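Below are structures written as structure tokens.
Next come two complexes, and both contain chain A; in the first it sits with chain B, in the second with chain C.
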Partner chain A sequence: MFSKEKFQDFLAKLNTGYTPYVLILVHIMIGAIWVYSSPRSNVAFVVFISSLLTLYGLNTNKIFKLSAGLILALVVMPVLGVRNIFYLEIMFQISVFAALSLGLNIVIGFAGLLDLGYVAFYAVGAYLWGFFGSQQFYAIPYAPGIQPSDLPFLLPGDMFYLFIFIAIIVAALTGILLGLPVLRLRGDYLAIVTLGFGEVIRVLANNLDKPWNLTNGPQGITPVQRPTMPQFAVDGFNNFFGGIIGHTVSKADVYNVFFYLLALLVIVTIIQVVSRLNDSKIGRAWTAIREDETAAIAMGIPLVQMKLAAFATGASFAGAMGVLMAASRTFVSPESFSFMQSIGVLTMVILGGTGSIPGVILGAATVTVLNLQILQGFSLYLSQLRQSDAVIPIINFAWKNLSTQLDPAKYQRLLFGAILILMMIFRPAGLIPAARRQRELAADDEE
Partner chain B sequence: MKRFSETINVRELLRPIGQMIAFSLGGGAVLSLVVVLLALLLDQTAVGQNLQARYSVSLVTYTLANLPQVLIDGLTIGFVYAAIALGYTMVYGVLEFINFAHSEIFAVGAFVGVEILIALKNAGILSAASLGVAYLILLLALLAGMTASGFLAVAVERIAYRPLRGAPRLVPLISAIGVSFFLQDIIRLVESLTTGQFNRIIPTFGNFDERLIFGQLPLGATTVVLGVQIKSLIVILVAVIMLVGLNYLVNATKIGKAIRAVAQDRPTASLMGIDVNRIISITFLIGGTLGGAAGVLYALKFTRIDPFVGFFPGLKAFTAAVLGGIGNLTGALLGGIVLGLLETFAGAFMSAFTMGAAGAEYKDIFAFGILILVLIFRPNGLMGENVSQKA
Partner chain C sequence: MALLQAIDVTKRFGGLTAVNKMNFELKKGEIVSVIGPNGAGKTTFFNTLTGLYRPEEGKILFNGTSLIGLRPDQIAARGIARTFQNIRLFGNMSVIENVLVGMHFHLKQNMVSAILRFDSFKKEELEAEACAYELIKYVGIDTSLSNELAKNLPYGGQRRVEIARALAADPQLLLLDEPAAGMNPQETEEVTNLFRRIRDEKEITILLIEHDMRVVMRISERISVMDYGEKIAEGSPAQIRSNSHVIEAYLGRGAVAGQHEEMVK
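The block that comes next holds the complex of A and B.
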């Protein structure tokens, strides 16, 4: 006990006066310099990205927090990312998944509805822009693989911006259509039905290449247009940051930065919407439904409408992200919308803490880094071992003989499954529990 | 008064057999009738002409020629679904919880059974086996798959579900999803460590792939061979024996009585001196055993298995359980048979009736359409009573 108290004292001391400011700045500096100097280091990236955590966790002035966060997200990360595309890709992925898990968090965390087919709405958005933003409309009469390559595009690329909003509406409508029949049911049925819906969307995307070729089947639609990027933006970026980056930035890289910033914009929008909703009548209704449906009905809350609202809000953000994803990858295919993706997003929400915005972002970052970096790092390491003459000491097993199927990068299910089980058993409220849950947990301790 | 175990309750043995025959014949007859009527109606329209143009066969002939095989296939897969669905429904009855990992328990059963057969094949026993021995070996594989799955189910309950009892409803469900994903990759890991790949193909042995021919039916220009693959018969037979056994266990023994009591009211059951934890473990054991057997049967019927093989059968079996009325054993039986038949009919005839626009590739999602329809119009299922939600 003694050492624990001392440790807490120490933590408290760290969290008062000017120390937290210094700590945060030092953390950011170390992370940034390390990432800047090392081309492909997972450790460096983890140190750097965890500076967001220090920024969130330590007790500082709100304006400082906000401005430091903004500079970090809007300037430092893009610059580091463009210097090294490897990092930009991770950051883009993190922001996409953070946006998706924030959207799913509305459904699971606020209204307490388990949606296992969340990527279906993502797919709706992606295929919406995939269809209208590509040559697919003119390719309808042709079977996949035999369409002429000189087909015109249906819409100009700049319609992308409009389609973000259209996708929000379409995905929300899809959510309402799906929700209407099933939201009257209990939560576990809803889970299975949404799972089924996710599969339906994937199978449709796979098979709607006949009788009319709407989705181009398993091959997917490509190329999907991007909005135009004016040359002066690229030049401006180069003039401004060229010195630090050290090489001229190509248009493709500026595009990546652009999509990363757009994803951030979606995240900020979700956070705004969610935190406002949370304090509104709707948010309170959601909380009531989550805690006790029967009591909520007794209090006069229109159950189905409120659930539909949660479902549609969550779906709409996924739709917007789908459009973004289709444009940034210039490619949509059914593979990206598998059940495992849904579970991946669910894992992020559960790991971070349902209903907790910082928690969910942390969850998204952690799972993405684990998934894209650590597992693939292991894979790389294993394949190096395989090529060497090394032998496992005690059991005398040569690494060379290890099956090539044993590729940790493919074992995402193991990772997701383990996280889900462990979190449910040991920390069901997540890494950063929501404020309400924190109060409840504190009350439990006092009893 | 006599004790339960002293007498054999013949009624409880005969009742499920009667039900199964009724469900199979009824479901098969209704669906055949619908398909034949549709065929008669559409024969002279564009649909019939399209088929005539493609395969130069009339729609009615096509339908009638395929019907016997479709019926047999539908029943075979229907009984497999019923065996899996019973695992879902039993656990749901006792714990009010969807055991999402049941599909992987099914897959483990399939893998254990097939691995034993492969080992026997490599040892040279399989090729040398006479017909009788082949059947014994199949029985051995079945029993091994059942044992492995049964104990796995119990272990999963101990580790991942029991600590969460009493938590909000979604908590054990999420844990179960985690277990399901975890087990899929564990199977894959184990299988790819031993050999370079994780798929397994059941070795051919015995006379399971042969067809029993009953006769031929002349039908216009073609003749329809009325026959059935021996392995289909085995699948149906084994499933029927298991289902009858389970029904007997639940409805006519002391353990079954305890299971029913726990399902009805857990606190009161424990006051009556029933060890609730033990009964829940037994429920998982029974459900897992059935799932494992279904896995081996599935492997026998479809020959190729991979670590993710449980996903679709598991989902469809769950649909079957809901269709029949979840928590209801007879309902699971009915749901499994009906779903198996419906799905096979859809897979076989949809392509012909939609002029090739939508075919068997939609077979896997057909079940979800049914699930959603059932949930809209009859959420308690075909045989479910109106049960209110337990607090």
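The block that comes next holds the complex of A and C.
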């Protein structure tokens, strides 16, 4: 019979000695070659990015992990991504949402403050660059739709880099501004107020096209500038990777690689910041507040200050990613900042594991892939079936009679809801539960 | 000069006066107990001292300065640490982290130094860790449990972690709310000795609420008795034992009930 112990023994054996190295390399190779040979296969891509999980989970030494991760992220992924630009887009989205999840994780996971309007800070960042990095400043006197098309740009595109930092500060200040009035609230009440705040920002973005046209209303601001891309970067990329990619890479595609790498850089920075904060008196104070507010304040933790710090830090990540998003899309509009987005990020945090840094990144990756790839792919598959003459055998149902209303890509909300409910029932601590740091202490203990 | 002085402190909840014109004084280095029947207002009095409640009337002076209107964390920073009647540990943090939280306002690190990991930050963290480790040892917890989540410790262990966490704040005054509740006689004996050591070795003044009369009579230098929010008696253990008000309000009833139970058996 198949016993649980035997299975665990088997797993443990797989995870010792050289086997994990071999497994990881095999996984990466299979994934990479598969994606390389069939760039449109969803399954191939999932197999490929799940190799990151194998790399993270299996027991190998740090240098191997780091170098394998670097090669995957800096060489393999750009090459595969340029062959099918959609993959780069997914990786970019994963990075954006991972940053948002990590930010929300500080507020919800560490400090235990339920924030349902988190996406507002993302909007603040996006609209900040959306306004200053476009022609919108000169379009203020014109109503949406009638502005002349030859307006100048307010700032050069390279100011983008500076605005990442400005957005961090502005979003943090917005976080404090939101935090101040709501700090007395706990739990559900806090959730409702933050939800309202998120909607206020969205509605402002939607309606600030009058009396002065600041946001261009529901149409959104476009074009938003990108930083300049020197020709030698494009040529260099082509010289270096052109051989394996198989075709000349256009400037637009190099931009995609650039934004992917930039998002990666931001993510790595954020991970460092979060884990370092978490392992300091600030992180301990946040967790203490989450565990027991009364005990925390009686132990000398200034509640207001620490909660504001949590709000501001969380918000700043979203602000930075907002700028990145606005530039990569060259477009910002209010609908990107709906309540569903906040819920989406919340789902990622809960799925991955509240308070767990690797957890929320996994959560962000899983939900994004499910959302952009699996559901979309399923939709595509259904529509292909609809066009074919196939029939489900036993019940004799012709696929072409299937209602066109049944479109899995539109079932995002169902997905979020199902994930939230299933996680609460089966794994409330998330896919990778948060663990406390184990300190090496007993060194001086010999009596 | 008195370390802590409460003058005419009154705390009301709606129509209920939980603490009524409480006058109380504590000298440096004393161990004093507050006793009284359930609902007498002892814990409310503690909560007003530590700033969790704001008294309607009266003054609270600590080292001669008023504590009224200060937030609990500010009061903690002035040197008053406490434990809670129903243990309030940070359950999902490890034992040593719980103790480290107690040091919060002594640590000089800030966000920038935490992110950039200056040498001063690393040094401070190591020192804090070592200090927390010593405290864990001091209160009598097996140090191999340092990395265990606080919620996984047995009841007696959790009580001790709470004391270690309070000591980590390096207080001048330690308020203990029923520290021996739910402990067996041996554990009670051990913590009683621990309290005396804390006072003698660390020179921390101790004020405790306790129902276990063996602890109260053994350890207290002075006892204050509360009933219906008022102080009805104060004195040495011997004086309290023979005080007719106290026997009537508290010990008397208890003694009678005890005899009754024995007769039933």
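A few notes on this one:
We take it that the second predicted complex is superposed on the first by the 420 of 447 C-alpha atoms of A that agree within 3 Å, B and C clash if a C-alpha of one lies under 4 Å from a C-alpha of the other, contacts with A are read in each partner's own complex, and residues count from 1 in each chain.
Just so we're on the same page, a contact is a pair of C-beta atoms (placed from the backbone, for glycine too) under 8 Å apart; a residue touches a chain by one contact, two chains touch by 3 or more.
Remember, it's a predicted structure, so these values are computed and weren't measured experimentally.
When the two structures are aligned on the shared chain, A:Lys210 is found in touch with chain B, with no touch to chain C. By the document's definition of touching, of the two partners only chain C reaches A:Thr287; chain B does not.
For chain A, the partner touching the most residues, choosing from chain B and chain C, is B.
In the superposed model, A:Ala295 makes contact with chain C only, not with chain B.
By the touch criterion stated above, A:Val46 is placed in contact with neither chain B nor chain C.
Touch criterion met: A:Leu185 reaches chain B, while chain C stays clear of it.
With both structures placed on the common chain, the touch criterion links A:Ile425 to chain B but leaves chain C unconnected. Contact with neither chain B nor chain C is seen for A:Ala409 once the two complexes are overlaid on the shared chain. Partner chain A is touched in their complex by these residues of chain C: 50, 52, 71-73, 76-77, 81-82, 84, 88-94, 96-97, 100-105, 107, 109-111, 114-115, 117, 121, 125, 129-130, 133, 143-144, 146-147, 149, 165-166, 169. For chain A in complex with chain C, the residues that touch the partner chain are 272-273, 276-277, 280-285, 287-288, 291-292, 294-303, 309, 313, 436-439, 441-442, 444-445.
In the complex of the two chains, the chain A residues touching chain B come out as 108, 112, 114, 116, 181-182, 184-189, 191-193, 195-197, 199-200, 203-204, 206-207, 210-211, 339-340, 343, 346, 350, 403-406, 411, 413-414, 416-421, 424-425, 428. If you check the complex, the residues on chain B that touch chain A are 97-98, 160, 163-164, 167, 169-175, 177-186, 188-189, 192-193, 195-198, 311, 315, 318-319, 322, 355-358, 361-362, 364-365, 367-369, 371-372, 375-376, 379, 389.
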